[in-house]
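What follows are several structures.
The following pair of complexes shares a single chain, subunit A, combined with subunit B in the former and subunit C in the latter.
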Partner chain A sequence: MKRSTSTILTKAIAALAAAVLSAATLTACGGSSAPGGGGGTGAGATGSAADLDAALQKGGELTYWTWTPTGQAQADAFMKQHPKVRVKVVNAGTGGDHYTKLQNAVKAGAGAPDVAQVEYYALQQFAISDALLDLKQYGLGGLKDLYTPSTWEAVNVGDGLYGLPQDSGPMIMAYNKEVFDENGIDVPATWEEYIAAAKKIHEADPKAYITNDAGDPGFINPLIWQAGGRPYQVDGTNVRIDLQDEGTKKWAGMWNRLLQPGLLSDIPSWSDDWYKALNNGDIATLITGAWIPGILESSVEQGKGKWRIAPVPSYDGSPDTSENGGSSQAVLKQSKNPALAAAFLRWLNSSDESIGVFMEGGGFPSTVKQLNSAEFLGETPEYFGGQKINEVMVKASQHVTSGWRYLPFQVYANSAFADTAGQSYIKRGDLNAGLQAWQAQLVTYGNQQGFTVNK
Partner chain B sequence: MTTKHRTINPRARRAGSRSRARRRNPLLAPRKSLALTIVTATFLVYALLPIAWLLINATKTQPDLLSTFGLSFGSSFALGDNIAATLAYDDGIFLRWLGNTLLYVLAGAGGATLLATLGGYGLAKYRFPGRGAYFAVVLGAIAVPGTALAVPTFLLFSQLGLTNTPWAIIIPSLVSPFGLYLIWAYTVESVPTEVLEAARLDGAGELRTFFSISIRLLTPGIVTVALFAIVATWNNYFLPLIMLSDPQWYPLTIGLNQWNAQAQGVGAEPIFNLVITGSLLTIVPIVAIFLFMQRFWQSGLGAGSVKQ
Partner chain C sequence: MTTLARAPELPTVPPRTTLTKPRRDWNGWKFVWPFALVFVLTFITPLAYALWLSLFQNKMVGGNQFVGLDNYVFALQDPQFWEGFGRVLLFLVVQVPIMLGLALLAALAIDSARLYATGFYRIVIFLPYAVPAVVAVLMWGFMYGDNFGLAAGINEWLGSEVIRPFAPSWVLISIGNIVTWQFVGYNMVIFYSALKTIPTDLYEAAEIDGARGWQVIRAIKLPGIRGAIVVATIFSIIGSFQLFNEPSVLQPLASNVITGSFTPNMYAYSLSFAGQQYNYSATVAIVMGVITAVIAYVVQLRGSRKEVR
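Let's look at the complex of A and B:
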């Protein structure tokens, strides 16, 4: 990590010089719209599977927007195999920032990358706004059997295939065994037991909570999904929003029993306080996606040996679960070289080599073969006390219930959550009231955007 | 604090008896007030506490950050390691961002100061058709916050193919209606038309008059405008946020935010210690510029109040 001051100084000067130089030469380049090679078939072109191999032979340049930690390593491996192709990996932001920029570029008609990371919850939005290329024209629909059913369902919108799954996040429960043992708590199998455990933990130590929830739509959507709720129904531009359907109410009723008596910590997820509370045991469980182990291992060092993975608590003893998070990669219609972009995407999310690099970085894949490999299932990470955590998580991936849809304006919906449903969290009021306020906001917004919502 | 008084007082004395009478009271013989002292002390603590927090926490490792009290030191003193790691992270991208920020400040704030000086001086000292209308537009533009213009500017620039290039930051930074207004006001106050007329009589052209006479009289005003522009460009956040998508062109503000966002979601890689150390490194140059230039600024702001 350490470098001598002289190299740092040289770097500083070089960076400065480079910045000044490139600014001076920019007039000559005139922006970034110059197509590489001119062999592009134009945006939204049709093609076939053979085009992909031809495009790889011919080569060219691609821009790939991602915040996946292994993104650069995967691109490097790709370029080693296909030396004629140059992939420029750009981290344009994480989550929301990334979508704002992507949306801006789509609206402006220029500046979008060829390939971009798009989380499952946002994919529908970009597909419907005509930003993404339907990959079926390149025969990528034939890759279906490689992926778990729930991730494949997530990348198919209407009749089109708008991305290939990268990772998946079947919902599980990570728990701090030390805290459980101190309080004499058995791993809760049902939400009833979970609520009882929450009381016990908080009574024993008023600083400690079973989990945190400051009102996070990315967290409650999977919980509603698990409870059997299907609040969003989409058919073209016809949208139905019912945040009071049976499953949603079932979840809200259960969660009210944690929220209203103050059994949930109000620390926002991903904040420094949150990492702190995970480290010192003030947060005892996380109901989260199967991608959590890598984050615990690298950033919750004091939890080493204490954390374990268990199935998510259920309402009725069934192993049903949902997907929490996870991303696909998609080809933008703006791409000047869609065949090459699709070829890169195919390699990125279906080749053993690429997925291998992704998994080495701690990723949880979406491909059946890798999920079920004996090596993966047999891993016994020391951090989790030698538990075969992948067995638990892969089993969860097989019990993700189907039929879930996100809204075609879910990115907006999530940003509107705090002002509406978030109020229930602040007041510790009835979540159903908050959900209704959220719904009212979403119906108005959707209709303004040209969707037909609840009409 | 005492040095400030010393730099101002001789000027006050030189500035003529009437103004001296007005200025002497609060400065030379301040009344002592316990209530005011407490209020001022509160504000001082309020202003310094975040900086103290930043300084203290820049010395902690990430595990210490997440396990110790915010205003106490951690188990090890890791400031040096943190700085080295900040500068080295991701192939030294921080230095690239620093270079970008400097570029935007030099070109953007420098250009803004130059244009504001030329425009403000011209409006103050020359009569030409449309002057009143032009001046009204400038005054009106002061009322429009830059943030409100960011999205239209983005759409405009993307039509021109300039988004995601340094021009997208530099060109909007060049326009400073407030700076122009400030120079106009300053010129009216401190560049006597008689001096210009004398120069013209002696055969100096307009450019020569401007560069050898006016610009010297205007120096405090120009420094004031430059300081405003430098601070605004250094801290510029929203414009680069929407204009730039390639981290290679990010200024420090956006880059640090990207580091901070790394703590979120699938594949989270929190680097809070680098975000904090990076923030500290980011404010050091601007604090230095401020301390260096504030003496000009003080005389600049005071200038309008002195009647000759």
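Let's look at the complex of A and C:
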């Protein structure tokens, strides 16, 4: 028996070693931390518009990280025009995964691409951590009038221009007309009518809901924005967070009336169940961005002919809306050839050819010219019963209210939503309490990270 | 080296090197270096690096600075960390005895030689362990779905929402069920192979003495596999404290319930991947590693002490 004791001891020690080891490796993949937040090796701090054309003449290699479906096709078209430039397109993940990799490469000081897709909500975070190049030095500030005001506002941080807008996502309402007709519901123009419709749908079929919300910050921020809330104010490293300002409270009060009586489905967006519920009509509307048509067409096949697009319901009949999602492309400071990267970016998001490829793939552009082209406005997709959906969505893009800012640590903020505000969803409690908990967490984090938050 | 120590036993031959000190023999290292190299690279280095990281704070504004033990002070007072710790502790206290009890029962049943087709049962019970953890959890996630999954079907059949695997009061049970399903077979195999090593003459002696059934189990089988039980317990304790796969894969289905700090390991993960707080994440990992080591060591000590007696 003694002998087996000693083998147990060795085994136990080995097990302990394994335990500690895995704890250690978990933290070790964080990457080294360059003092000062990690700039790049390629300095490239100076340049001019003429440099861009020169760089295109000279040629070179670029890496471009994106999950845009037309990313490769756009790069191919670019290389056809500029044979001396080679662009390598890499899909490093969608959204969160992509940012994790990008952030790690920035921290490590190497391995970042030259050009990367960055959504509007995350742009500020990367700009402030000194990862992105200010494009004003290449005269790209002159492109301002090409874009809708809200997307242009989103790529300007402080005095710098840190990206060029790719697409926009003015918030609209997609609805299942068949469900509406069955229940004798008119398209709600106000939130008041929307709440009434929600009751009617759920009473007629307890499994059916007007929409789903399992607590998604990417969905809630645009709703707060639409209600007139401006909870995040950023001035350099001074940040004010007030998730109890008038507009935010207005939204929370309205949404409470849907959440608390159980009129919202708790199916998380983008889950398998979500697609099933959209297909079989259990979810009747989506309050979402103008990029939704392509997703409905490809992933909600049974909805063909049933779905329509309408303006988002309002509080007082005004057409005010907000931006739900949307991406820009940015040049990283690590780029060894920043002028060439900026030249590619300029072509990617402002040339007719590139935007044409992007729109053929179902993208909703951010450029005024393409948005207002007769061809685009006149499209009548069969999926939406021949409705001129772009007319509705372009109109929405003209009514996006200004002055919205995201936090310089919005990626973290979104990840902290479920832990705090999400608790209101479980208990079907007052959203204001959840928002306050979220705010407290964000204030603590921001101050820990060296910002001056609410001080 | 052992030959030098035996010198006094050979008095006839005068020792040749009595005056010089025994020379360091480096031959051992020649054999050990491949292991030592890998050990240092994969074990010591990451650990040292994590320790090093835990002494700094890298801020988005202001950069990197040495903060001594500040991160540890913060961790010891961090309610999110301790809440997650409490959760895995509860999980450990409830799930591990159930799992090991079932595994023991299965092993004893198969070992009792009263069952037909024991090979078949052994494979079937062990099979879940062969399914990759992530796949297994995804599978259970589908069954747990209370909108379209098996749970929804049962609820509809019963006519009420009885089964809600993702409700806050259910979710730990749901996870425990998956872990039990996965690891009963694994532990059963450990117990069963330990049972097989018990010398058969003990059973013969017991039979002659008139012992049967429970007496044999209590007096021979359980003491005989005590070592295996202690090992399985330690593995299970470590596994519980490191709970990550199951809640992490289920998280998208119940993000408000399974939060980013649901277990200490998930907390360390979300700290570094969502919050860029690598330093604090390293601290949490180290604190958790130390706690796990201490508890596993105490269990191991208790287990072996009883055995000696």
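One rule holds in what follows: the second predicted complex is superposed on the first by the 412 of 455 C-alpha atoms of A that agree within 3 Å, B and C clash if a C-alpha of one lies under 4 Å from a C-alpha of the other, contacts with A are read in each partner's own complex, and residues count from 1 in each chain.
Please note the rule applied: contacts are C-beta pairs under 8 Å (C-beta built on N, C-alpha and C of every residue); 3 or more make two chains touch, one makes a residue touch a chain.
On a predicted model such as this, the values are computed, not experimentally measured, just so you know.
Applying the stated contact rule after C-alpha superposition, one finds that A:48 touches neither subunit B nor subunit C. When the two structures are aligned on the shared chain, A:325 is found in touch with subunit B, with no touch to subunit C. When both complexes are overlaid on chain A, the residue A:276 reaches subunit B and subunit C alike. When the two complexes are overlaid on their common chain A, residue A:425 makes contact with subunit C while staying clear of subunit B.
By the touch criterion defined above, A:372 reaches neither subunit B nor subunit C.
Legend: residue contacts after superposition of the two complexes on their common chain; A:100 is shown touching both subunit B and subunit C. Contacts of A:215 after superposition on the shared chain: subunit C is touched, whereas subunit B is not. On subunit A, the surface patch touched by subunit B in one complex and by subunit C in the other comprises residues 1-2, 8, 11-12, 15-16, 18-20, 22-23, 26, 30-31, 33, 100, 107, 271-272, 276. Interface residues of subunit B facing subunit A in the complex, by the touch rule stated above, are 62-63, 65-67, 81, 84-85, 87-88, 92, 95-96, 98-100, 102-103, 107, 154-155, 158-167, 170, 241-242, 245-247, 257-258, 261-270, 272.
Residues of subunit A touching subunit C in their complex: 1-2, 4-5, 7-9, 11-12, 15-31, 33-37, 96, 100, 103, 107, 128-129, 214-215, 237, 265, 267-268, 271-273, 276-277, 408-409, 411-412, 415-416, 418-419, 422-423, 425-426, 445, 448-451. Residues 1-3, 8, 11-12, 15-16, 18-20, 22-23, 26, 30-33, 65, 67-69, 90-95, 97, 100-101, 104-105, 107-111, 119, 167, 169, 270-272, 275-276, 279-280, 289, 291, 294-295, 298-299, 301-302, 325-327, 361-363 of subunit A are the ones that touch subunit B when the two sit in their complex.
For subunit C in complex with subunit A, the touching residues are 42-43, 46-47, 49-50, 53, 56-64, 80, 142, 145, 147-148, 168, 227, 230-231, 234-235, 238, 241-242, 252-253, 255-257, 259-261, 265, 268-270, 272-279, 281-282, 285-286, 288-290, 292-293, 296-297, 300, 303-304, 307-308.
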